[in-house]
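Input: one structure, supplied below.
Letters A, B and C mark the chains in the order given here, with residues in each chain numbered from 1 onward.
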């Protein structure tokens, strides 16, 4: 699906991004992340390096309580086993009832009708943020009207790709940070979704939270790629960059259009 | 729950710690670790770097045999799915029947009544070691009498925190090693529990084994923190430090009161 | 079981190995890997560093479709939970029907009769490659005749150990690369099995594919061991070495007999 280009795009200042990063570091929000088996460990380490606290239980007896008491909820569909299919609606309902921000990452819905149907059903919980790429968006929405309907009710879309776009009922953000080597590490996108969710716990303007979170994660990837000899050393360097990122790092690198 | 301070504390010599570490390296004990999904890979790598051999199956048809033939068993409650709830009592019973030392790490019992009740039931297997922090201890035991009763029957408690305490029917150990950056990496506590368990397979005095294991793991964390640029590079450096730790490293760093 | 030494062994040129590596990098084959919980993340990162694309779903509604549309299938028995026991035959059947190459890694069949019986049943799908060590081979096959029967129908065996042997209906390969430090990192063997499978998607001669893939992975391990301070830093260095490996690296290190 091709996206209409907004007439104008919202600007983003380095100081704004850094101030939200500092809020995360000070608040140390707990993010309950229901994510895929491959991404769990890396996602937990990304959240900890950022200054947030991960929790990840899936047990149906516990998950609603963990989600309702967390500062935000991330739901990633990369693994769709029975435990997760049972846990996800319980967690989303509990988070919604408790007024917690919710991010949804419908991984690979373009490759599996099962996931796609499951993801479409989850839209009834009106997630604050949906993070996906264009093929996934095309699979989930038959036409642009479906996207617009959700946006009209307040959902924000973070559409990742060569250029990242944050689409909302207001002006869109267009973001240009990141590094190709990040795609050579498993679960970077999934972990990035957890970062966006963490920023949603400290910033009520979901589109702004998503723009700040995505920029911080992609700038960390750029900083890491400069130090790394390949995708292996990229991982520890990315975590170190998230942990140590300064206002100067953001000022030197933030790229929007 | 506040812990009574023992009238005197047991001393620990660097040579004693290193000698037990060498026993692990020579014996290469197999540690069967039932641990949470996020911690599995890191725990396996910590055991291998230490010189032990991990096994981690959960299948109910296999787990008793794996636990009974292992040199020690670790049970960590960080993930409590149905497979683990079924596997854990089978493994603990088999290990107990075979005379294998057993360590229990009741992660997050303070956050979930389900885990807490499950952990309390597991005490019937009389684990040799229970590793927890003070909030977890407060959740599991209504009062100090419950702790004392277990200690009287031979269970040792490793209570981690700013200062680590090993409580047993004899004198207590008080241990002061470690580095704050370790808390910014997921599953360091869980992996540390596996190290304690490995030391229990080479030293029958459980309190001494726990004191040696905890000191070795926390000294590795200190050595790593000096080399690392943040929590990302801490992980490989910690594994390298465990692998290469010498008597001199322990002599230079061991801190007890 | 002792293996008969082939009268002559097949030679392997560095240029041949590098040309197959380049095919993987250009084709970016998708490898569907059903592997154990401990190995998933490392295996995915190894495939990405190599230039392949991992997929790992186990859901019974999806797994046949993912396997049939992949460029090759890897089945590793390191975790044998109910989900995997259900998914594996579905995936193998679908891959076979679609003409996709299939690699089987029967981890620990020598330690568990359950796994052994399950692995023996899977031979009915006539996997193109079986990767195992000698104790696992001894557990699966009562005598040499069982191995020879499979070889006669086209299955290739990659038998890893001090020296690696690739056994097929033609001449055998004998391979001597690798480094002892690789055994101190969890799931290196499992991840290596994924590399062999990736090479099978670009080279129809399964024995040659296995020889090239094993050599590339073990050379990466050697290159990493020279840079690493221990098993912790070995992991990122191994991924970087896979990513950057040149013809010169292979020429300088390839060792066969």
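We take it that a contact is a pair of C-beta atoms (placed from the backbone, for glycine too) under 8 Å apart; a residue touches a chain by one contact, two chains touch by 3 or more.
Remember, predicted model here, so these are calculated numbers, not experimental data.
Student: Just send me the rotation angle from a CA overlay of chain B on chain C, rounded to the nearest 5 degrees.
Tutor: Roughly 120 degrees of rotation.
Student: Where chain A and chain B touch, do the two copies share over half of their residue numbers, giving same, or under half, giving different?
Tutor: Chain A and chain B contact each other through largely non-matching residue numbers.
Student: Which integer distance in Å separates the CA centroid of chain A from that of chain B?
Tutor: Inter-chain centre distance comes to 34 Å.
Student: Using the touch rule from the top of the page, what residues of chain B touch 2 or more other chains?
Tutor: 37, 41, 235-236
Student: What residues of chain A sit close enough to touch chain C in their complex?
Tutor: Those residues of chain A that touch chain C are 37-39, 41-42, 79-82, 108, 111-112, 114-115, 183-187, 228-233, 235-236.
Student: If we count contacts the way the header does, which residues on chain A are in touch with chain B in the complex?
Tutor: Residues 37, 40-41, 44-45, 48-49, 54-59, 61-62, 65-66, 83, 235-244 of chain A touch chain B in their complex.
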